[in-house]
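Dropping a structure here in structure tokens format, bear with me for questions.
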Amino acid sequence: MKLLGLFNYWVFAVLLMIGLYTLISKQNLVKKMLALAIFQSAVFLFFITMSKIEGGTAPIFRAGAGEQVFSNPLPQVLILTAIVVGISTMALGLAIVVRLYEEYGTIEDDEILAMDRNA
Amino acid sequence: MTLSDHLPVLQVIVPLLAAPLVILLRNGFLAWLASLLTSLCALGLGSQLTATVLAHGPQHYHVGGWAPPFGISLSVDAFSALLVLLISGASCLALAGGRLSLRRDIDNRRAPMFYGAWLIAVAGLSGIAVAGDAFNVFVFMEISSLATYILIAGGRDRRALSAVFKYLIIGTIGATFYLIGVGFIYMMTGTLNFDDMAVRLEGVIETRPVVIAAGFITIGLALKAAIFPLHVWLPRAYTYAPNAVTVFIAACSTKVALYVLLRFNFAVFHGNLLGHSELFSAFVIPLALSGILIASLVAVYQTNLKKLLAFSSVAQVGYIALAAGLTSASGLLAAMLHMFNHALAKGSLFLCVAAFALVSGDTSLKRLQGIGRRMPWTMGAFVIAGLSLIGVPGTAGFISKWYLIVAALEFGQVGFLLVAAIVVSSLMAVAYLWHFVEGAYYGTPPAGESSPMEVSLPLRCLIWVAALSNIFFGLFPQLPLALARSGTSALLQGGLY
Amino acid sequence: MSAEMLPWILVLPLLGALAIAFCGRWPNLREGISLLTAVTLAVLVFSQAGGVMDGARPYILLTEPLPGLPIALSLEPLGMMFACLASFLWIINTIYSIGYMRGNREKHQTRFYVCFALAIAAAMGVALADNLFTLFLFYECLTLSTYPLVAHKGDQKTLASARVYLGLLLTTSIGLLLPAIIWTYVTAGTTRFTLGGIIDGNLDGPAIGLLLGLFVFGIGKAAVMPVHRWLPAAMVAPTPVSALLHAVAVVKAGVFAVTKIIIYIFGVDFLFAQPSAQWLQYAAAFTIIAASVVALYQTNLKRMLAYSTIAQLSYVVLATVVLKPLSEVGAALHIAGHAFGKITLFFAAGAIYTAAHKTELSQLAAIGRRMPITTAAFTIGALSMIGVPPTVGFVSKWFILAGSFQAENYLAIFTIIASTALNAMYFLPVVYFAWLAPPSPDVDMNHGEAPWPILLALSVTATLTIVFFFFNQPLIDLEQQLVQSLPLESRP
Amino acid sequence: MITSLLIGIFLLSLLVVTALAIVRASDLFSAVMLSGIYSLLMALNFFLLDAADVALTEAAVGAGVATVLQLAALRMAPATEARHRRARGLAVAVVVVSTLLMIYASFGQPTLGDPQAPPQQHVAPWYIEKTPELVDIPNIVSAVLASFRGYDTLGEVFVVLTAGIGVMFLLGGGRGKPFRGLDSQGEDGLQEHLILKVVARILIPFILLFGFFIQFHGEYSPGGGFQAGALLVAGLILYALIRGERRALAVIPPRVLLWLSAGGAFLYGSVGVAGMLLGGEFLNYSVLASDSIAGQHLGILVIELGVGMTVTGVLLSIFHAFAARD
């Protein structure tokens, strides 16, 4: 039971490292952006896992609901911010990818690097 | 509340709120002027804040009126004040000195966007420097990073784009690592406030997640601070960014990451993790040493002046990391001093480079042959700032190297080895700078470009003010010393907030 | 006569440099300013001498960037002499430079004069330094400000030599001298020049020898082998530079610093009792003999002079490490005496180059017939190098020998005698050749004497070389203070 | 109890499988679609973990906005990944070792849902206890977001604004071509597809309405300015797809979008400055009205409006900037 309670953290670790590995090893820039999204979303999962309380509900007061156990609102707030940061990075990164394609005619990192070297 | 009580937050929101107004302007010159005025205003606020901190000790500010750890607090000690001065000062210098250079790089239509991003970068970096909350640091780190990516992408060379993409990826990885580390600490303490963390970590018995947190935070910030071998993004980003942008980011952006690194490691972990000092030393010192030596060596073989100086920056970051890695009061003192002094030297150097580029159009060493005879004033300033980078006595660079050596000697047996490495790398600094200076004075200029052609008088004056400040702070280092002393003791005593 | 005057000794040549930079477009005005600065500086420096003779030791603190490491100036006999020497010879050298630079139509003359003034300012700083840190500061300034002078010509060969010059001097100073200073500071808590030294009681055993080594080899300008290579390399510079800087200001700054460190940092008595410090006299003796032998084989006039300089510098070092009062006076006198002789020799070499464009020894046959004044001056300089009376070289050698006998230091005695013989062996043939050899047919002889400023300058220094043999009492009196102020037991 | 845990484990495993599929897919279009699915799965997980606001946002952003942006980028770049068969031994080693380290460390961590874990003990209970008293809105997440940690949210808005500035700076008509629709036919959009047109006509008003609902109802139920902005943008993008880029722009010209973006961020900051002028700290809403609760309500309403404005403005600008590239 205790082990199952840690499963979320293991998935967090695995997703994080899938993202990281892809970031390092894949050359395609769009793929890198997708990997970055996976990488960041792993962290979202990590924080949200922390916020869960056994038998709790979403932290919203409801009229007449009586005594309620709420899950922790703080990590949720943090992750709301982090998601927004993530999409902002994604937008900027994709814009750079588009410009790179216009300038180099490719979105493969190694090909761009080769062109830079020859320049 | 009086205005002076609001100083910590004003430092951030003045440039932050000026940014949306600047992007609405339709004229590049107006946007530049507004940014410069805002930066000057930030510098004024920063000086006021520094004076207050030196006179009355650390300043605290509860944003929204909520007391920490529930609300977000801002905490400004002497170390933060030092950073704030660097950031606003570098921004003023780069904007004032980079007007012509920026006009060349950024077309008028896109200029308001560019200057908006500039102000957001200033605000973001200042926001990190004054933050007292770990997550707030993350938010402002992202603000400053995104803005910095934009600034670098403004470079005319297409390689700016590939450089900035790499920076974006690595910067995001760094920030995310930092966030993971904060998450682990939150998991074990339930708080995000630095001070509260330090207190509550004491009671944590199970330290495995905390060690992991320290690892993530240190590696994440080392990525952002370009500590060798995590520096791969830096040389190209500095090289292909617009020249004025390089002046700004070279002076302050890596230092802000180092600031957070030191803050976390010394104010939060230092007293609470068994063997943290040894681990931190064992991790940082070898990296810093190899960074100092290898990056200096690589710099010797560069053919582009900006890249040469960029590798020198990697080496200099190594010095700061090395000083911090000594985990002693004198080491921290040296680290803070070197942040200040290196910013002075590198800011001045890159400003000279921007001036060279205005005349020669390029920063490759080949194109810059004979530039010393064409631009004797700018070149003279370059040499002075270069001496400071080497650490010649009488310049600011010497002061911090001296403290670094003293701290290294206190470190025990390895100390002599460290001193030897510092000396060797200083000599390599002579070599790589001379590599350029010699050609600049005695080389043959490219055909048809031998007539003297200095930049405008105000720019020359500014360059000389920057260069002479290296001498001034070498002879009268009282201000940075006072800040570093007070910053060190605040950092080590903990319980600052 | 007050301490407030001291900073002006540094500021004056700096202002001069600035004025020269601004007047670059008007050569006459520029050189007028150079000359005026030189004269004013000399007057200023000599006005201090009386006070120092009477025992005054003016001191002024400029700033204290690091706690315990102030930048401060003070005057004591040794520094006084060095300052007088350099500032006085600067006047003569300026006159000479005007003739030389115009005569050879050198380029970038403004840069030349500016850097020269900067170098003099740095040399003054070395002379006036009150502690090791200040000394180091100006020592580095001297290196940097002379680099443009050495590299003046700007072609590839010159640049390569200049790189050796800069590389060697900076490497030794940053790599050895600076650590030595830091070590001194860490052990003694100060770097101030103090009579009797500051090391005593803080350090002992082999560490003393090591520290001494760091200092002596760290001060590359003293050219103790094997860190002498920069000096022959520096001979690519225009001759006025070789004359004033590489016969007087720069190299003398080196031996001056060594002497000062031995007297004021280690303390003569303390060092005398340290067996681990004895190696230095062997090193100095070796340098004297080896450099003299190398000089024998030189075919280029200036390079021969350079190796002669290396040998003569080690005379000073040797005299200092004999560690007897008479020899310390001798060391001080030799700094001055060698300066007059060697600057005369260089002036003569430059005159020959300017008038006849000759640089090799083999081309000098019968040059005395065309350039009698120059050759006469050269002869006087050469005699002074050998130590023949009535030249000043004899006086200083006398004191050094006397000190060596006092210390019963047979190594020193032997070295001095042997090197005198070697000196004679490489100088006398040149003199003979220049006066008496038949002119070789393939050498162009259609030239006369060099321009008058050059002649004037070298006549003055040649005359002084002789005059000083007779009127050296003020200098000896001044340096006697060095001895009198030494602790009692080491007096003769 | 055990059921929900098992469902969670199932969903998480699915998540890992999807992530691997994204990495392996060499067709970038399918990779993008898979990452949309990935986001939806993630949102589902968040929902199971009691994070309704986060789930809503992840769905709107990850599956909505991000997918649209990625597709827009792919429209201009090759859609297949070049094949690289290079084994990265070092990378694999680093990744595997780090994973093992983190799993090892996890045994020192509190388990899922543990009410005794430090985060549930220290700061969070204070929020739950004090929100009714100090801010008095039902959604605690909104209270923390907008008031207790309003400064972070200000930063978040500026991150969005910065991204907008960046995209406009990079893509802002560098080539000066006219705007065109997402399809290749140009400005007419997808008008000729009748079914699409009809469905969209019906959908768009509802989407917009729901967006406004979330904007102004965020204090009571999940949602707020950000989610509202994302939804509004979704509606407008749909409009642009159907009607063509140029007509969509006629509805809201770029300059207005710029004003909207900058104005929202500035509005947020102004609320903070107003707090300062009225004698409180920056972003102290309590001083905005005579009654501190009313002040909090007013402040939150205005800043949520600012968030909504900026998000709408920026996302639409970004979309237009991408669409304008061809």
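Every chain is named by a letter (A, B, C and D) in the order it is written, and numbering of its residues begins at 1.
As a working rule, a residue touches a chain if its C-beta (ideal position, glycine included) is under 8 Å from a C-beta of that chain, and two chains touch if they have at least 3 such contacts.
Worth saying up front: this structure is predicted, and the values here are computed from it rather than measured.
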Contact-richer chain pair (by C-beta pairs counted) among B-D and A-D = A-D
If you average the Cα atoms of each chain, whose average lands nearest the overall Cα average?
-> B
Provide the C-alpha centroid distance between chain C and chain D, rounded to the nearest whole angstrom.
-> 75
Interchain centroid distance [CA atoms averaged], chain A/chain C, Å | 70
With chain centres defined as C-alpha means, what is the inter-centre distance between chain B and chain D in Å?
-> 31
State, to the nearest whole Å, the distance from the C-alpha centre of chain A to the C-alpha centre of chain D.
-> 12
Which residue numbers or ranges of chain B touch two or more of the other chains?
-> 135, 139, 142, 146, 149-150, 153, 186-187, 192
Note the residues in chain A that touch 2 or more other chains, in rising order.
-> 16, 20, 50, 74-75, 78, 81, 85, 88-89, 92, 96-97, 99
Each pair of chains that touches, named by its two labels = A-B, A-D, B-C, B-D
Counting only contacts in the complex, chain B reaches chain C at residues 387, 392-394, 399, 402-403, 405-406, 409, 419, 423-424, 426-427, 430-431, 434, 438, 441-442, 474-477
Chain D touches which residues of chain B in the complex?
-> 1, 6, 9, 13, 16-17, 19-21, 23-24, 61-66, 69-72, 109-110, 113-114, 116-117, 120, 123-124, 127, 135-136, 139-140, 142-143, 146-147, 149-150, 153-154, 184, 186-192, 200, 204, 206-209, 211-212
Would you pull the chain A residues touching chain B in the complex into a rising list?
-> 16, 20, 23, 29, 32, 36, 39-40, 43, 46-47, 50, 74-75, 78, 81-82, 85, 88-89, 92-93, 96-97, 99-100, 103-104, 112-113, 116, 119
Complex contacts: residues of chain D adjacent to chain B = 101-102, 104-110, 117-124, 126-127, 130, 147-152, 154-156, 158-159, 161-163, 165-166, 168-170, 172, 258-259, 261-263, 265-266, 269-270, 272-273, 275-276, 279-287
Interface residues, chain A side, partner chain D - complex | 2, 4-22, 24-28, 30-31, 33-35, 37-38, 41, 44-45, 48-63, 69-81, 83-92, 94-99, 101-102, 106-108, 110-111
